[in-house]
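The two complexes that follow have chain A in common; it is paired with chain B in the first and with chain C in the second.
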Partner chain A sequence: MEYSKLTDKEKALLDSLRDAIVVIDTEAAKEAAQKIIDAQIDPRVALKHSIAEAAELVGAKFDCGELFLPHLVMVGDLMEEVGTILEKDIPPDQIQKKKVIVIATVQGDMHSIGKNIVSTMLRSSGFIIHDMGVDVPSTAIIQKAKEVKAEMIALSSLLTTTMPYQKEVIDDLVSMRLRDQFKVMVGGGPVTRQYAESIGADGYGKDAIEALEEAKRLLL
Partner chain B sequence: MISLLDIAERTQTGEKVEEKTWDMEFFQTISGLVKKYRIQYPGGDSYINVDDSLVERAFEAGLECLERLGIYCITTRRRVKLNREEIMTAIREAPNEILMGEGRDRRIWKQRKVEEKEMLNVCPGHHTPYTEDLAGLIIKNFAQIPRTDFIEGFNFSKVEDRDIIGPPMEVYASRREVGWMREGVRKAGRPGLAIVYYPINTRAEDLICVMDPDCGLRRTDGILLSLLPDLKMEQDMLSAAIVYEEYGCFKLSGSFAIAGGFCGGIEGAIVEGIVKPIAAMIAYRDYIHYTGIEHVHMLNGRQILIPGVNWARSVVNQALNRFTHTICMRWIIPTSGAGTELNLLEIAMQSTEAPINGMNLYAPRHCRTTTNHGQTPLEAEWMIEVSDAVIEQAFDRKSANEFIGKLAKRFEGAKPQDGYSVTECYDLVHHNPKPEYEKVYMGVKKELKEMGLNLG
Partner chain C sequence: MTRLSFWEILKRSKEGPMVEEKDFDLLIFKKTQELQKKYGIKYEPDKPVDMDGDLADRVYQAGFELFLDLGTYCTTTKRIIKVTAEELRSEIDSCPVEVILGQGTDRVKMTHREVEGNQEAIVIAGIQTAPFSDEEMMFKIYKGCAMGGSVDGIWGGILLKIDGQYDVVAGAPSEIYQYKKTAEILRKAVAAAGRPGMITINNAPTSPATVAMFDETLGLRRSDYMEVTGMSEMKVAYDDLNRTAFALAHGVTIHGTHSSVIGGFSATPEGAAIVSVAGSLQLIAVQKAESFRCGAVESRVKSRATRRNLWAAGTAIQGISRNTRLIVDGSMGDHPGAGPGTKQYLYESATGHVISTVMGAHSTEGTRKFVVGNVCNFGTPLESNWMGEVCKGAVGMTRETASHLVKYLLAKYEAHLTNPPEGETFEELFDQETLKPLPHYQDLYEEVKEELRSQGLKFSS
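Moving on, here comes the complex of A and B:
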């Protein structure tokens, strides 16, 4: 059932869930999720409306400096909890499969803040994220992507000298005949769209907001 | 002071903590301290802090932060705990000046005072990538700026036209970088000028391979060994710190906090900004630091100015200069690229802040620098010109605040400008900006004179 066809009372419930997530009120959000279930509102509508809208609002608040990285982490955690409540009554074959992304800062590079922001932004927007941290070799990234059946590999590099390791991942995927299995998105301070294209990446994000848009474009 | 061996041992024996747990504990600790010590941005047109009691409280918050959290080793996922006595001893015993370079180029880098009256120390350039074909000219150009006290290296992705991949090539490239640095300063007529190695990579072999009195780092040179954000350290850097401590090089750290990250907003960044240089000094024996705060949206080039960032930077540096021996440097990171009006205005703003808050001057460089697109010698000379004028005109905190307020109005509604490559706007052969860039510079200089700064 579409949101527009719900009663005002039902819409208010969905809005209260969205608002509770945005202000990171864990108890209120879990309570609202349970009320939605109790009111027999299709939880898929709640997932699509409340959670997706909350993700957009939170992204906008981060963008304008109202929220910071730790808030994105907390929102991501809360969305997972709420998602668990809402998905309890949905038959497994009807749960929209979330797209899986493996993200890492490439080998030799210790910079993490950009990658952390992208990672939490993607997670709070509904992607399943496996964040491998920093200084991660190509083989480990690909191994993880295979293991978790990722749809995308996202690579961060903040040093000019570590940018070639982004290319290495793509080259290794080609030589292992796995290139078609994964979308690859790259980013980081010195990385440009031209560079991304030159190494055969599928996408490029100048910052976290662009990275989110690219991930949606490539995967949804 | 606690020894590096003690630190090394604690990275192996300290409490095990998962990184995500550390990150959230870091945020919650700092958020609590911001409230406890009433660290709050006063708002309005506050660019330079004038509240000395706030500085005292912020410093206490920093000490409590370090005592409660310690430092996190990401290699071993362990907490390196420090007690208050160890922290205070380290603060007391740290030097407030560093001798560097040789012969007629020997220099003393000093800690500065708030509302400093002496001309500042200067590192004019690099920490930005160049292609190897420009290496010789670039270094020579920056080294020949008379006020240069040391010069830092730069990054590059190809050596002898090959992509640098894997430890052996990284080692080779690292030694080439330092070799070019030595040659460049010699060509500038400053063979004894201190050079600081900018690591190609943070593997221990890449950090240590450049020690070489004949054609690499001499004992009077330096190396950048930065603590990571969120008070994180790692063992390769610690290994290098141990070696360099015995060899003799001085060490630097990028010790500014990033607002918007796990420290939270600008108030949280103040706490981290105060703690980080102290932690870097304890963990790696770094004595010279890029200090203050930046904001994630400014580093990304999304916004030129964010309210409170200048003020927060000011609190951090005033605290460090009043209560520690930290030798602070202002790393100017404009959101607009080289060759543009907004770039020069941003540099002017931060060059005004520097002597007022007690910071030396460090290489202006575009926030989203790409190869050959980060900086030219003109921005460094401009940085020196403005800060010298501020000192000569005896600006104090109040007058600096008013002047910076005028500059801030220039950024209202403006978007960062992309900028140009070094060869597009600068003539490296003759050490001159190209005519178009010269025109931009003269225009900005005229504007600042009209605002009240006595520029020659």
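Moving on, here comes the complex of A and C:
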């Protein structure tokens, strides 16, 4: 089923789901998702349009300062709930596999704000995120990435003296012959694109919006 | 009245309710939204300097209530540390109203300051936690900072290499060694400037390296302060509490710092003002601070002098100054978006430090461009001196005059905050032999100083 072939009433249902997510109305969103199922609209179309459009709108509102970090967290939660409703009748082999990202602030660094914003933006844009928190050693990050079969490792560092730990993760991946298995994206206050390139990172984001675009470029 | 034992706090960190960090974060948001409505707290962009003491009082009450309701999240134990209202009031009433810092003729008294008060504003400037190319350059720049007559102390920075070739890495042995070396250089630099008893401060990423800097002969002294950090927002880790434990055992004054995040879980400027108060109360109740920085930071804009930031932190400081006898540090404007050698750096710095001083705070968190990355020597003694001149000049200023001045300055730089001028390094701005600014920078400094003098800032010279 294609979006262009839906009736106006069916399209309005998809719009109502998108709008309910954007305003974080949990009940309305779940109700709209159920109505989409009841109306026998292909849930994959709803996932593609309602959820994806909601993610874009929420990202834009965050970008212009209309929404804040807690809103992104709540939108992420709501998208997962709605996604579960929509996906329950889709055969497992037809569910589009979401890309998995392990994210952490590197060892010795307790700063979480930037990492949290990137993590939440990625999650509300449909990535599966394993946020390991702050002060995480290289070996633990790699172990987690292997365990959850991640496609990407995202590393944050706010201190000049913790930047070498970003390089350590990449060096460890090389030593363990795992470098080809994971894309590595780096960021944080003192980190620059030149530094990212110099340590062999695949991607760099100077802020959350750029990190999201970089993740999409590398994984989608 | 007595202060709650630090060991009781540690006990509570192991026995308090266990909560998921994400749930705690969302609670900050939900509760501040409720309190914002309950206390009728409203940010008005055209009033970046709050002149309504009643609003500041409500921000204080909301912050007090928030801290009692939520407590502090310990990221090490994943538990909440809570105190009762009675314990918190006792804690506030038992905090000192003055602390003595520094030694000999360089000794200063840091007291509780009133809003628009005439009490001296203590200024600890210096190029805070920025990287330096080598020991000689670090010595030169800090000596220059210590020679600035308007500052009472200086913050240290970091060296990125040992022997010019081995990386200094946080949490590794190199961090301990190199931070101790920087503390030695700092002490030698202030002595060479003729101010051997001057306050010197530094804070390493980890507690072992921070503790390693304390050395009465060649390092940080008991008469300096130990900075303890409250993680944003309303959190603490055992690594932070290690600093408190050392300071208590060693007899060092404890100075706390915490920032709410506009756009973070505080969300709005109103939420950030409330969380700034709550975070400050955390610093005294949980981390045993005797003075503290009450701050806010933007999640998206890399400057400590945005309009929203100025209002949020300024109103929170005013609320604490009006409702307690605590010793508050503001240091607003400490991290401009613009780089050294630009008018915008001086404008941003002045805006924040004027509000900070007028609202009843000291400014002891040093200064540097918000993001310096790994560019070395990205700061000069002139920005450090500017911070001191502005703070001392703003003592006794009314909020009305401050409001006029701040609006004037915001009009100068606000449109450039997202794309600020990069600035220049020490080598490009200073004569390295005489430690004096090159003529073009000295002229720029004097021009801005005259401009601000004409707008009501009373510089002492």
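Keep this in mind: the second predicted complex is superposed on the first by the 220 of 220 C-alpha atoms of A that agree within 3 Å, B and C clash if a C-alpha of one lies under 4 Å from a C-alpha of the other, contacts with A are read in each partner's own complex, and residues count from 1 in each chain.
FYI, a residue touches a chain if its C-beta (ideal position, glycine included) is under 8 Å from a C-beta of that chain, and two chains touch if they have at least 3 such contacts.
Since the model is a prediction, treat every value here as computed from it, not as a measurement.
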Superposed partners chain B and chain C on chain A - clash or fit: clash
Touching partner for A:Q166 - first (chain B), second (chain C), both, neither: neither
Partner chain in contact with A:S119 - chain B first, chain C second, else both or neither: neither
Partner chain(s) touched by A:S138 [first = chain B, second = chain C, both, neither]: neither
Shared chain A contacts, counted only where both chain B and chain C touch the same residue: 65, 68-70, 73, 108-110, 112-114, 116-117, 133-135, 159-165, 189-190, 192, 207
Chain C-facing residues of chain A, complex: 65, 68-71, 73-74, 107-110, 112-114, 116-117, 133-135, 159-165, 189-192, 195, 207
List of chain A residues in touch with chain B within their complex: 62-63, 65, 68-70, 73, 108-110, 112-114, 116-117, 133-135, 159-165, 167-168, 189-190, 192, 206-207
Complex contacts: residues of chain C adjacent to chain A: 21-22, 25-26, 28-30, 75, 131, 158, 160, 167-172, 175, 205-206, 229, 231-232, 237, 239-240, 261, 263-265, 267-268, 299-300, 302, 371-374
Contacting residues of chain B [partner chain A, same complex]: 19-20, 23-24, 27, 74, 129, 155-157, 163-165, 170, 173, 200-203, 228-229, 234, 258-262, 264-265, 268, 295-297, 300, 302, 306, 368-371
